[in-house]
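Labels A, B, C and D are assigned to the chains in the order they are written; within every chain, residues are numbered from 1.
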Amino acid sequence: MAVFGGIVTLIGSVFLLLGALGIVRMPDVYNRMQAGTKATTLGTLLFLTGIAIGQIECMCIFRILILILFIIFTNPISSHALARAAHHIGIPLTDKSVTDALADDESEKEGAV
Amino acid sequence: MADILYNTSAVIALIAIVLAGYRSLKGPNVADRVVALDVMTIISISLIVYVAALAQRIIYLDVAMVYALISFIGVIAIARYLERGL
Amino acid sequence: MKIFKQRILLLLFLMLFWVLLTSLDRQELIAGGVIVILLTLVFFRRAAVFSDFQITLKSLIYSIAYIFVFLAALVRSNLDIAFRVLNPKLPINPGIVKVKTSLNSKTGRLILANSITLTPGTLTVETKGDYYYIHWIDVSTQDVEQASHEIVSKFEKYLEVMFG
Amino acid sequence: MINVIIIVLGILMIASAFMAIYMRSLLSSIIAAGVISLLASIIYLLLAAPDVAMMEAAIGSGLTTVVFLYALSKVKNSGEDNHG
């Protein structure tokens, strides 16, 4: 049982490492946010689950469960708020970008007013 | 065997925290730094839970919970400041 | 009747949260929690969490199925991100596209936006009215209808039954 | 194992402290101070002081950041740029 928990924890930590690597390698802030949010959410979920499996005799399952639920609910919200703020203060997308519908719509509205 | 697996994953999470810290120190503008801070927070929550399992004390999990709550509020405050001032 | 349903749902949600926070072996804490939650329900009339959840058998089945759909999408998005990051050429084709949703309830829209953020290659940037602006890491179409079909519709099918 | 974690986090903390001093924009300095407080909280926890770690997390990472941001938004008219 403990070995199985250890394997799950190891997979989770590999996803955490991939998230940090994505933060370093991606070219602009929106792509960094994508890599960071997704990889760290699943990585933390697997990491905590593995530790809960390994420590099954202590009564800490409930707290780890509430921690996992909390992270799943709040991580996308903070990422969304940051992306919105970054687009609002005008941080540009990378040169490889194809389209930017939000900037198009905003400039249209300002032109109409 | 299980101890080796747990310690290896802690070392990998430590490498991840160092990489995110590199981006937080280097990042070209403010939003990059805040994203790196967010990722560092989530990884350090995992590290805190690992330390709790290592020391066999339940109260360490409370620290992780308080940390998740407070850092969420901090990131929201920074985003709101960037958008229109606090 | 609607107020009554809201109160019951809020009571169940807060009770679940409290029981998870203090584990099950302390009876006095659970009794105190029940009293505090009832006082909250009396004094804060406008407090509503998940107030527009439909209580039917079909909706319960769909919400359990939704959890599995969501977890499968999460795993798939992580594998996708892993391949993109580990590839030395960094194959990305990003852009912000606009999609339309047909959900009406606020909670349903919140859960839909969170699910979009955690599924393969998409990130919600802004919501305005019925439209979501989504940063897509691999843009394949710029049309509103087609993008809605590719990103939104697989979750919307479940959320429409759950939240109306 | 514990010693390795403490040494690595301490080195990262010192680098972040230098960046907090030498950064040109004030907002980046505030974020670097948040990083310092995060790492200090983990180090307190590793040194077996959970109550101090909880206080450090609540005050250093939450309250100080918000108060600094409030002060910065009060003095924002002095020509400081958001970006950078």
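Following the convention adopted for this analysis, a contact is a pair of C-beta atoms (placed from the backbone, for glycine too) under 8 Å apart; a residue touches a chain by one contact, two chains touch by 3 or more.
Computed from a predicted model, the values in this text were never measured in an experiment.
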Path length in steps (a step moves to a chain that is touched) from chain B to chain C: 2
Which of A-C and A-B has more C-beta pairs touching across its chains: A-B
Chain centre separation in whole Å, for chain C relative to chain A (CA means): 15
Rounded Å distance, chain B centre to chain D centre (Cα mean): 12
Distance from the mean Cα position of chain D to that of chain A, given in whole angstrom: 21
Numbers and ranges of chain D residues touching at least 2 other chains: 82-83
Overlap residues in chain B, where contacts from two or more other chains coincide: 10, 17, 29, 34, 62, 78, 82
Chain C to chain A touching residues, read off their complex: 17, 19-21, 23-25, 74-75, 77-78, 81-82, 84-86, 90, 92-98, 113-114, 117-118, 121-126, 128, 133, 135, 137, 139, 142
Partner chain D, residues of chain B touching it in the complex: 7, 10-11, 14, 17-18, 21, 24-25, 29-30, 33-34, 37, 40-41, 44, 47-48, 51, 54-55, 57, 59-60, 62-63, 66-67, 70-71, 73-74, 77-78, 81-82, 85-86
Touching residues (chain side chain A, partner chain B) in the complex: 2-3, 5-7, 9-10, 12-14, 16-17, 19-21, 23-24, 29, 32-33, 36, 40-41, 43-44, 47-48, 50-51, 54-55, 58-60, 63-64, 66-67, 70-71, 74-75, 77-79, 81-82, 84-86, 88-89, 91
Residues of chain B defined as touching chain A within the complex: 1-2, 4-6, 8-10, 12-13, 15-17, 19-20, 22-23, 29, 31-32, 34-36, 38-39, 42-43, 45-46, 49-50, 52-53, 56, 58, 61-62, 64-65, 68-69, 72, 75-76, 78-80, 82-83
Touching residues on chain D, where the partner in the complex is chain B: 1-2, 4-5, 8-9, 12, 15-16, 19, 25, 27-28, 31-32, 34-35, 38-39, 41-42, 45-46, 48, 50, 53-54, 57-58, 61-62, 65-66, 69-70, 72-73, 76, 82-84
